[in-house]
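Below you'll find the structures, each written out as structure tokens.
Common to both upcoming complexes is chain A, partnered first by chain B, then by chain C.
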Partner chain A sequence: MLTYIVRRLLLLPLILFGLSLIVFGMIQSLGPDRLLAAYVNPGVLDKLTPAQLEKIKQKYGLGDPMMIRYLKWLKNTLQGDLGWSLVGKQPVRDAILSRLPWTAELALYSIIPVVFVGVWLGVIAAVNRDKFLDHFVRIFAVVGWSFPDFVFGLIVLMVFYSILGWFPPGNLSLWADQVIKSPEFRRFTSLVTIDALLNGRFDVFVDALRHLVAPILTLSWLWWAYLLRITRSSMLEVLTKEYIRTARAKGLSERVVINKHARRNAMIPVVTVGGGMVIQLFAGTVIVEMVFNRTGMGSFTATAATQLDYASIMASTLFYSLILVLGNLVIDILYAVVDPRVRLG
Partner chain B sequence: MRVETRRTLRRLLRNPSAVLGFSLLIFFTLIAIFAPLICPPQSYDPYMIPIVTWDKTPQPPSEGHPFGIIDGRDIFYGVVWGTRTAFKVGLTVTLTSTLVGLVIGSIAGYFGGWLDEVLMRITDVFLSIPYILAAIVMTAFLGMGLDKVMISLIIFGWMATARLIRANILQAREEQYVLAAKALGVSDFWVITKHILPNTIFPVLIQATMRIGSLVITAAALSFLGLGAPVGYADWGALLNFARNWLLGASGEALRYWYAIVYPGTAMVLFVLAWNLVGDALRDAFDPRLRG
Partner chain C sequence: MEKKPVLSVKNLKTYFYTEDGIVKAVDGVDFDVYQGETLGIVGESGCGKSVTALSILRILDEKGRIVEGQVLLDGVDLTKIEEQDMRKIRGKDIAIIFQEPMVALNPVFTIGDQIMEAIMLHQKVDEKTARNMAVDLLRKVGIPEPEKRIDQYPHELSGGMRQRAMIAMALSCKPKVLIADEPTTALDVTIQAQIMELMKELQKEYGMAIMLITHDLGLIAENADRVVVMYAGKVVEYADVKTLFNDPKHPYTWGLLHAIPRLDIEQTRLYNIPGVVPDPLHFPPGCKFNPRCEFKEERCTREEPQLIEVGENHTVRCFFWQKVDEAKKRKVGEFV
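Showing the complex of A and B:
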């Protein structure tokens, strides 16, 4: 396992290099004139004379050979110079930094219901194998897994916003938005819910939460179903093991057998799958933020794609991919830490 | 029919969720085939939903428009012809990407060595971009449209198959019958296509079936974002995109636009459900160990 992790660490730069090639390759499919838009504020672009345009092309080296351009782009990207965002009307770097906390908040909070509900239902289904409860939970899972997130999101929006009026779309109500932008509101973590509590503004906290419930429900729904299935089959396998029979033969109560002996061992595959799922949750924010009209990395990326804001698209792709690659690495290492058998093997 | 095949078939037919899945699939296939009879096309491109009124406000179901009207277009027409779009996207992307994965995975697994190493690292790189994001970005760069969506989904959709077939081939490579064929001087191409693939293809087919559902979701999601099908194209995702715009502007007006979500949404959920059920059933029938 250790050699595996070392190998993974050694391969990391290679993967990142390949990733940068793909992203760079994509943008090279555009001509130099369209590429200009990725470097210059288009409002300014229209007013420039051909001579000035030529100068800008020179400055950014758009006429250079591919190799030179790649190295230049890589250097700029590594230095954090990601170009000008059409959608954000600001440098891409600032646009991403200002939107990231909203998305992080959404994705991180979504993990909690996914893990608890998914694992809980999965254990229930496995323990009651082939009984009514099991069938019910499994039907729930297969239907849930077939529900596209944007269809589910629209239904949530219809029920909880249009009909009940409980959970409005967007990030914050207007008044709350003004509160967090006021100078008295100190940003500690840049996650609004936590900052609101630290500032003692309970009303802002509640408002932020009201805006989060529906997107969290939508984002986590799909993965409940998934985690449930994994937990169930893993539990079923563990329950046939001999140490479970031994535990029962010792006269332990069924609750102790399930909770202490079976569930712990059944959690091992769930941890690996669950980790990958957390990463996928981040990607899921692209759709969910669009459905609920939230500001964040997801809606930023989607809007950039529809408005052909190339600089933003490239930066977002790199950002999401970095989360995926680094996240997978962390999971692999954690996996070895969590499971002693893997560590020793 | 071989005994084994017959037994598998019987096992499939006894499984209620498999029967439900197959019935739904047959239902959708019939709708797709008979779309021109159910909703006669009114323009030269049958996939464009005809505009029935210039009033953009959604109108609830009525005589002649059983699913209502959104953005001046008949939802029923869109749902029926959208079935064809869903089949077209799902099957084309799945078949092509599975084929690409099959070729890459076979080469990597069979020849091994540095070629395997290079191909698998390329696979890793392609896997390092989240699928939905890769599809969105690639489509944006290729320049929107349904065909561009399909190309993007194929470019970033072959890796799972490649990994699976490679692992299977690594196992099969050491089997006696492969060694025997090689010893007889059979060419590499024939060893792979005649001896190895037939013995390793089932898991790949099952995996492909289970992927169709999520592929249709991803493609519809792109249309929903406005990257896929052009405005007015018969596509479930595009229909739902209309619904979203009206819904966001309508607080407190209970159930005003329900039909704009419920009909295309139901069609989509059932379509995806059908493929998922069939995929599950095939997996259970051919490989009972994996029952989950």
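Showing the complex of A and C:
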């Protein structure tokens, strides 16, 4: 198992290298003139003479061959310099570090309702196959699964903020934001909810939570519907297996048969898709953060992409692929944990 | 000497209510199982032998229902008792071994876990005792290095070893009746013999009754004391093993025995029973075997025969069983 993990980790730089090459190529294929838009206000762009344009291209190295520009980028990146973020108006590294915790908080907390509600309802639906409860839960899931998250997010925003006023958008209320930026507030983990508790600021914790509920609901809605369907079908399949009959023939109660013998087996495919889902949750933050006006990796990437801030785009792409690769590694390990037949190697 | 049966099945009817109609998988089955004896149940696939076993334990899937009949274990009707009382019987008084040891054991738990689970469910012992009991059982069923094997997962064992582990699990609470549903079908021949030998030994030791369900007449001949032949959900012949093999009375039994290749006579072509098992949704009227029967008469397509006594402890469901006797005499060179 350990050699497997090490081998996978050794592959990581190679994957990141290939990926950065592709993304870099895609950005550069826009051509130097389009890339100028990142440096010059489009309104001004029209009024510049060709000589002036050429000068700007020279200044930012936009005219150089792509390979040279890529190697330059690679050299800086390897030295820890990810470039200047036009969107963040700060070094890309700082921009990412300050935004990452907000996204991590959102994505990680979303896993909890997704996994628990999804798996729990999936098992219930399977056990009550074709009965009222099953139909109800399945209709719920189909509706949930077919709802685009940006539409659902807007509805959530409308209901819980405009009408009820319970869950405001943004990361934190102004006062809470000032509290966490004050020197007395010590940052242990950089996750605000946990730090607030560690600092004994229960009010800040509640405020952070109020800002998290609506985006978590939006983000998790789609995915627990998905997980429910996977769990249900996997559970149904497992329930027809002969070892379930063996378990019943032993005299075990139906509860033990379902919760021990069936569910453990049903979890095997769920771990695979569920793991992929957690990775998707990170990607899903792009839309959710835009809708709920949160500053985080998602909204940062989206803004960077629309403004051709390629240093930021490169860095966020690498960040997301890092999540993807590490996430998949975790899935593989989990897979071996739930299914003793799987040997990593 | 009149013995009392441990398990007695009387007029058992199990129907499956499917979307296409009612499938009468078991439609009036009677037999007795005696202590220390082996009852063979033989028939083609789909004749209702496995459903009979599942009905006795009441572990049918949701579409199946016992609609009539009794299953008496020491005089208690298992079809009438509460589910929670039934649970105390499953695995304890009546245990079952399934056909495919590959799929009958849960792949994500060690065999030790699965055996200990059965022990701790029915006997008041702590985990350590249960573990020791499981090791003893594994040793008893002939698994080498049981202390090591107990912590292995089913996929780490061979097919024969898995079936041994299944047997260990089934025997963990010393059941009165052991149902063996095609216990050797999935195993290769040498392993088959070992498993049957093991079951015989354990039967002697524990004195349990075995219900051996199979389509393999060879297995029946070697292991059963009494035989029930089933066809299309009904018992068509019931006799002790010698009588059945030497003097079959039902055309179906006769056909089955006739279809076994023989070494003592020259055969150019193996006999086979014409036709196929009827679709359980559309059984023929009258005797269910009539479309395939060599001795069919007009009456067979109209009326359903009842079981009639043709000898001591020998019953047969056929109007014209004497015809089989005549056929036996006629084809004496081919069939004895």
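Everything below uses one rule, namely that the second predicted complex is superposed on the first by the 288 of 345 C-alpha atoms of A that agree within 3 Å, B and C clash if a C-alpha of one lies under 4 Å from a C-alpha of the other, contacts with A are read in each partner's own complex, and residues count from 1 in each chain.
In this text, contacts are C-beta pairs under 8 Å (C-beta built on N, C-alpha and C of every residue); 3 or more make two chains touch, one makes a residue touch a chain.
It should be emphasised that the depicted structure is a prediction, and the values quoted were computed from it without experimental measurement.
Considered on the superposed chain A, chain B and chain C are sterically compatible, since they fit side by side.
In the superposition on chain A, contact of A:157 is made with chain B only, not with chain C. Residue contacts after overlaying the shared chain place A:29 against chain B, while chain C stays out of touching range.
Of the two partner chains, chain C is the only one touched by A:243; chain B is not.
In the superposition on chain A, contact is made by A:290 with chain B only, not with chain C.
Looking at the superposition, the partner that touches the larger set of chain A residues, chain B or chain C, turns out to be B. By the touch criterion stated above, A:11 is placed in contact with chain B alone, chain C being left untouched.
With both structures placed on the common chain, the touch criterion links A:273 to neither chain B nor chain C.
In the superposition on chain A, A:251 contacts chain C only, with no contact to chain B. In the superposition on chain A, A:229 makes contact with chain B only, while chain C stays out of contact range.
Superposing both complexes on chain A places the Cα centres of chain B and chain C at an angle of 80° as seen from the Cα centre of chain A, in steps of 10.
Across the superposed structures, the minimum distance from chain B to chain C, using CA atoms, reads 13 Å. Contacts from chain C toward chain A in the complex involve residues 54, 57, 59, 84, 87-92, 95-96, 98, 100, 103-110, 117-118, 121-122, 153, 155, 166, 169. On chain B, the positions that touch chain A within their shared complex are 17, 121-122, 124-126, 128-134, 136-142, 213, 217, 220-221, 224-227, 237, 240, 243-244, 247-248, 250-258, 261, 265, 268-269, 272-273, 276-277, 280, 291-292.
Residues 241-243, 245-253, 261, 264-265, 268, 338-341 of chain A are the ones touching chain C in the complex.
Residues of chain A touching chain B in their complex: 11, 14-15, 18-19, 21-22, 26-27, 29-30, 142-143, 145-151, 154-155, 157-158, 161-163, 165, 168-169, 229-230, 232-233, 236, 279-280, 282-284, 286-287, 290-291, 293, 301-302, 304-306, 308, 310, 313, 316-317, 320-321, 324-325.
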